[in-house]
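The data blocks that follow each hold one structure.
Okay, so chain A shows up in both of these, paired with chain B first and chain C after.
So, the complex of A and B:
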């Protein structure tokens, strides 16, 4: 059959490797990463955490501000679950969509519970003698991420 | 490792005026409880005649915040005091970013040349084996 421009799809054809070989390769990589974590060969860790309906990319010792009220008092230590991604210099652990709780541990402390700056909510219709002014102040909490830890229990 | 940012709370009120009734009730009932719940805040109570009742809050930055407590019930003053105790001395203005990091990139910041093959591996018309 003659080859035209539509015989093969326009994207390059990718050959998938053998499943047995792939499984071997996977176990090798997993053992290597486990060893690295166990010996502690990682420097700074960063994590992607789902918190207060937002996803944050956090490292240790950094500040995060929420626009709501948490039920913890100032100075309380909080453990964050719902970790989506953890990464270091050489490797990353991607969760589908979450990582296990026995793998990662993210701890944070509540530093401050303040209110936001006074926001003005004004409605005005011209020529109708209608204006309403309302000042909105939201409560906010400031957290500081203390530590991100990983444990070598991959499989 | 948590340090409360509130240093001092000064309560100024006058013993006779009508608008510092809530302040006097607060001093009688809730001030001791408040001081026990927040042991690292110093609470000064100074009755002064002739000025409006004020709640002065000093923070570790040096910023001083004054709040009027005229004609407020003691519960409102207690809520105010707890709110001030939870704040820090930064100015309440619009903050541009809700996060702050000292080390924003761990694996190296992305620039347009990451994940691209370098000139040594690209096969061009001139870089073949000579």
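So, the complex of A and C:
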């Protein structure tokens, strides 16, 4: 039968690779990455961490400043759970949405707890004799990320 | 003459006018023209500057989000995906990274961004097959939902 413009649908045909072969390929990749982690063939690790209702992309020896109070004294070591992504030069581990606690370990230390610079909040309506001025000072906490470690427990 | 009520002869005088004026002028020192020197002009300019900075603090969040979206769009177009397809497929595969972090990855970790784009593309194709095939073919691997209990 001759091919016209209506023989095949206008969208491109989508073919997925063979599931059996794909499963074999997936197990191979997982074993390779596990071996790389076990032997330690990675350079600097970076991680994406959900902390203080914000997401941060962090490496080791990193400084982080939060705009709120942390209930920990200066010099306390903190372990950050809720890791969303960990990566190195050759591989990345993407969590759906979080990675397991037995897979990644992110340690941080509280360095200083200060206040922010005095921010000025001013409201003014012209011709109505209305102006309000308020000085807002937020407490801030500075953390230093000490280490990011991964363990070879992929499956 | 005896001043019987001496207190009535002492009036209060404003002695710290200089410092009250300096409090306002210190915020106007980097302005242009006479408003960095003359108090009457400086008061108005400083007031406008404060009001603009309060309003800008709310606008900054919107501006930065639009900037991240532009950057993610540019990076995903380099890998052959449009921004709505990229973001919707990433969310459907249960990857909850926000736009700030994805924009940072697109700038500093190109390989990671490429793998995210490939993940979104694969999830998109599985979505097409699921929509067109109506459940007779096997379900996709990347469309499986992970349950954390």
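By definition in this document, the second predicted complex is superposed on the first by the 142 of 155 C-alpha atoms of A that agree within 3 Å, B and C clash if a C-alpha of one lies under 4 Å from a C-alpha of the other, contacts with A are read in each partner's own complex, and residues count from 1 in each chain.
Assume a residue touches a chain if its C-beta (ideal position, glycine included) is under 8 Å from a C-beta of that chain, and two chains touch if they have at least 3 such contacts.
A quick note: this is a predicted structure, and the numbers were derived from the prediction, not measured.
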{"item": "First, second, both or neither for A:61, with chain B first and chain C second", "value": "first"}
{"item": "Contacts of A:75 with chain B and chain C, given as first, second, both or neither", "value": "first"}
{"item": "Chain B versus chain C as contact partner of A:46, first or second or both or neither", "value": "both"}
{"item": "First (chain B), second (chain C), both or neither touched by A:150", "value": "neither"}
{"item": "First, second, both or neither for A:84, with chain B first and chain C second", "value": "second"}
{"item": "First (chain B), second (chain C), both or neither touched by A:97", "value": "second"}
{"item": "Contacts of A:19 with chain B and chain C, given as first, second, both or neither", "value": "second"}
{"item": "Chain B and chain C contact sites that coincide on chain A, given as residue numbers", "value": "46, 56, 87, 89"}
{"item": "Chain A to chain B touching residues, read off their complex", "value": "43-46, 56, 58-59, 61-67, 74-75, 87-89, 109, 111-118, 142, 146"}
{"item": "Chain A contact footprint on chain C (complex, rising order)", "value": "47-48, 50-51, 53-54, 57, 93-98, 100-101, 104-105, 108-109, 111-112, 115-116, 119, 125-126, 128-129, 138, 140-141, 146, 148"}
{"item": "Residue numbers on chain B that touch chain A, as the complex places them", "value": "1-2, 4-5, 83, 85-88, 92-95, 98-103, 106-107"}
{"item": "Residues on chain A engaged by chain C in the complex (per definition of touch)", "value": "11, 14, 16, 19, 22, 46, 48, 55-57, 84-85, 87, 89, 92, 94-98, 119-124, 131, 133"}
